[in-house]
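Next up: the structures, one after another.
In the two assemblies presented below, subunit A is common to both, partnered first by subunit B and then by subunit C.
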Partner chain A sequence: MYRMRHLSVTIALAAGWLGLGALQAHGQEPRLVGRVSDPVRVQIDLLLDSARAAGLPTEPLVDRALEGASKRAPGDRILLAVRRLVDELRTAHDALGPRSTGAEVTAGASALHAGAAPTDLSRLRTLRQPRSLTIAAAVLADLVAAGVPAETATEAVLALAVNAEDDLYLAFRRDVERDIALGAAPEAALALRLPGTAAEADLSATQQGAQRPRKP
Partner chain B sequence: MTRSRRRAAKAARAVLYLTCVPALAAQTTGTVDVGVSTVSVEGFLASGAAFATPSLRFEAPNAMLAVQGTYLVFESGNTVLQGSVFGAALTPRIGRLRGEVSGTAGIGTYADFPRSGHALARGRAHAIGRGYGMWVGGTAGATFLGPTTRSVSGVGLGAWVTPRIFTLGAHVQRTWVGDTAYLDIEGRARWTLASVEFDGSTGVRTWSRGGGRGVYGEVSARAAVGRRVAVLVSGGRYPSDPARGVLAGRYLSAGLQFRAFTVGQRPPPRISRLLRQPPEEFRLPLSPATVRIELISYSDSQRTIRVHAATARTVEIMADFTDWHPVTMRDLDGGRWELQTSIVPGVHRLNVRVDGGPWLVPQGARVERDEFGGEVGVFVVW
Partner chain C sequence: MPELHDDLVERVTTSLKEPVRIDPALDARVMAEIEAYPAKSRGVLGVIRWLRTGRPLTVTPLGGLAVAASLVVLVVGSRLLFPPTPGSVGGATLGSLSDSAVIQFVIVAQNAGSVSLVGDFNDWDFSATPMQPVRRNGVWSITVPLAPGRYRYAFLVDGETWLADPSAPPAPDSDFGLPGSVVTVGGS
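And then the complex of A and B:
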């Protein structure tokens, strides 16, 4: 009896292993199993394959599908959202170049979604090298979302691109958002904060950034 | 006497009542408060501070005027300079009813922030009995920060009683400041034991859109140690005040109050109680708080995400780093909720749910349409 059970478990494990191998060979994403319907999952797997072949990060695509599933969105809406994200990632990837990381491409896509232009991302890439532009692109998107016109926000982020460390970008964003929350016009808040941040970036170009948050 | 003459005579009597009668029992007091505080304002680390607050107060049976300034310096060297004026007058009594009109205006600067200020007018109708009273009223005005001005309006009702040495009061106030709206339900107690005056208040902010939610409370004591000197101790947690452009915070203060001069007689306390307004203590001008998220620590593999939700019983987070499965956050003290997990640096999307309510975007995350008919928070992890 014991041997029979042992044998059946071994066979089941082997079948599972073979099955998993088959799934991977077809590029199927296991996290989507049971979260979205099979027809939708097949479509998403195809999109993942094409994204992978184009050198795009696939993690955000899976995440977008899971987000839609958790929010009980219909399958066609999930597919539409994933397709749109593929387009944004592709545009960001083209603007940032083939050596950009997945995090950079994702942040770049977020900035494009917020209203930045692909040429802005290319300029940011050039100015920011060799540092990562993930935070800079994310801050750009945040500023636009906070109400700063895309062109103005882009100019500000580019003005800091050469010398500002990531934590200075984050502090800059926080200060601008706080001023806006207090009632300042977004452009006025940006204009108020930019000179001080730029001066601090220049000053600390060779130093480590200040700790955030800070004392009042 | 014609009708217009009778109206003119009535108006003249009212003016006389408000101007001449106060002179019979009025008092003018000049004081200077100096002390030290430890202040923890949302978005900043806790900091020590030293302050000086000169004030001038004129009190009469039917009117009062108070002028106050604040100079405060933080550990960082940043300074706050504020000035405010508050004035109020009571109409003649009609049966048990009295009207009150009052106004307050203030202006302040902090570090290199844009200058902020407010101008508010208030009207109240009081029904006064023996040892108790009720009021209903409204507020209107404007608040500004730099070049931007927002309108302020509010309605409220309250009641108070004076059993023995206590004064107990409670009020409900709904306030609108631009797009922000909130409801405060507050209780206040004031009592005197020998030469020590205590003041305590507690409240809850709810039904809020952009004004924050939560419980708050403050206590203060003033002990006279001579004719001209008193010891002041106060502390607590105060809510954001969008009408005056301030952020929620906690503080503990100790100081001395020096009475520079007193001229005249103190008016009857029961009347002045109606007009008495708590002094506008220093508040750092910042934005209001609601449910707020922050990244508080990180190592190579682990990140700690913290959510501040003052009155929450449960807080759940659903994000790309949880594969969009709801995860219950760990309850810390004081309305803080934490999740420690592995999150790669970059741009992440999340939603937070409080007490099983709708999934929302906490402050600290960028609000974006999520393509599924709702909103999602975009959050940068570094």
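And then the complex of A and C:
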């Protein structure tokens, strides 16, 4: 009798646990309440559920919906923008592999939106191992946004992928942007800065290799 | 030998035939014990009493294995049903605030009454990050701690005019048709 009672309690606790997980997983996004109309919010909640189930980050989707709401975009345009971002996140996730982080997938989606190909992301993943590619992919998107053609920006980011640390990527982007602001053509600015940055990355990698303790 | 045996039987029989003497106070003691025993209550109090009462629990090795297997199935099943979303916990998709950088945003907006900074980092909330006038020449500024990542943002002047940051790359905005910018923050 006591065994039966304890079994009942165990089953009740397990059911409660699963129920709580279901509520958390399929709950409404509270930040969208009052910011978009109820029918649009319901559609976005479904998209968020779908993205969550696929292992995609949902925060960029909420951000995009809130951006549209703040800019007073019609509901159908907000939905279209969120759906497009879901597709880009999914493509980036597939290209980067299931072990990629949410930040990497988000940055990868930005790079895809800028014009990089999924195969470029896969190459970047391979070359950057085991480091994060978040900043590298974000810099690629930034360079394209600054006016550098997507293909040229992709080649430059891949050329630095093996040895450049994140700080060097950011300095490279800053230098190119500064040159563009001073009047240089975007492609010329990138071509001017890339050799020096690559040399600095190689030197840094060599020095780090020399500092590593050798085996006796 | 038979006579000795008969004598023993006779004495035992006689002893058994004697009336049993019972303590006259026995009935009273039994009734007092019964009254002192807690009455069986139902409802919430009964449940609480049942939960508070310790009981011996017998677990066989096979039963223990079954319980352990059930827990494994529950944990694995719940992870499959409700997979954790990378970066979705606590809304920290772009990185941890523990290695955040302080970013200064500056915009020149002559004759503006108010300027707000809105973006991915503040839920695009007009009232979340009001900028401060630096001097009387229309320069507005604000510093914001940001975790590593890439953010879209814009300036909103007097609650109606959207401005991009002229010192940052423009955000590709084919969706909503208003100007914006992007900022990428590196890790430590």
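The rule we apply is simple: the second predicted complex is superposed on the first by the 179 of 216 C-alpha atoms of A that agree within 3 Å, B and C clash if a C-alpha of one lies under 4 Å from a C-alpha of the other, contacts with A are read in each partner's own complex, and residues count from 1 in each chain.
Basically, a residue touches a chain if its C-beta (ideal position, glycine included) is under 8 Å from a C-beta of that chain, and two chains touch if they have at least 3 such contacts.
These figures come from a predicted structure and were not determined experimentally.
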Superposed partners subunit B and subunit C on subunit A - clash or fit: clash
Which of subunit B and subunit C A:L56 touches, first, second, both or neither: second
Which of subunit B and subunit C A:L182 touches, first, second, both or neither: first
Subunit B versus subunit C as contact partner of A:R123, first or second or both or neither: neither
Touching partner for A:G196 - first (subunit B), second (subunit C), both, neither: first
Overlap of subunit C and subunit B interfaces on subunit A (superposed complexes): 31, 59-60, 63, 66-71, 73, 77, 80-81, 84, 102-103, 106-107, 110, 113-114, 134-135, 138-139, 141-142, 145-146, 166-167, 170, 177, 181
Residue numbers on subunit A that touch subunit B, as the complex places them: 31, 59-60, 63, 66-71, 73, 77-78, 80-81, 84, 102-103, 106-107, 110, 113-114, 134-135, 138-139, 141-142, 145-146, 166-167, 170, 174, 177-179, 181-185, 188, 192, 196, 213-216
Touching residues (chain side subunit C, partner subunit A) in the complex: 55-58, 63, 67, 70, 74, 77-78, 81-83, 85-88, 91-95, 118, 120, 123-126, 148-150, 152, 162, 167, 169-172, 175-178, 180, 182, 184, 186-187
For the subunit A and subunit C complex, residues of the former touching the latter: 2-3, 6, 10, 14, 17-18, 21-22, 24-25, 31, 51-53, 55-60, 63-64, 66-71, 73, 77, 80-81, 84, 100-103, 105-107, 110, 113-114, 132, 134-135, 138-139, 141-142, 145-146, 166-167, 169-170, 173, 177, 181
Interfacial residue positions of subunit B with respect to subunit A in the complex: 39, 41, 43-47, 74-76, 78, 110-114, 116, 143-150, 178, 245, 284-288, 318, 320, 323-326, 344-347, 349, 359, 366-368, 370-374, 376, 378, 380, 382
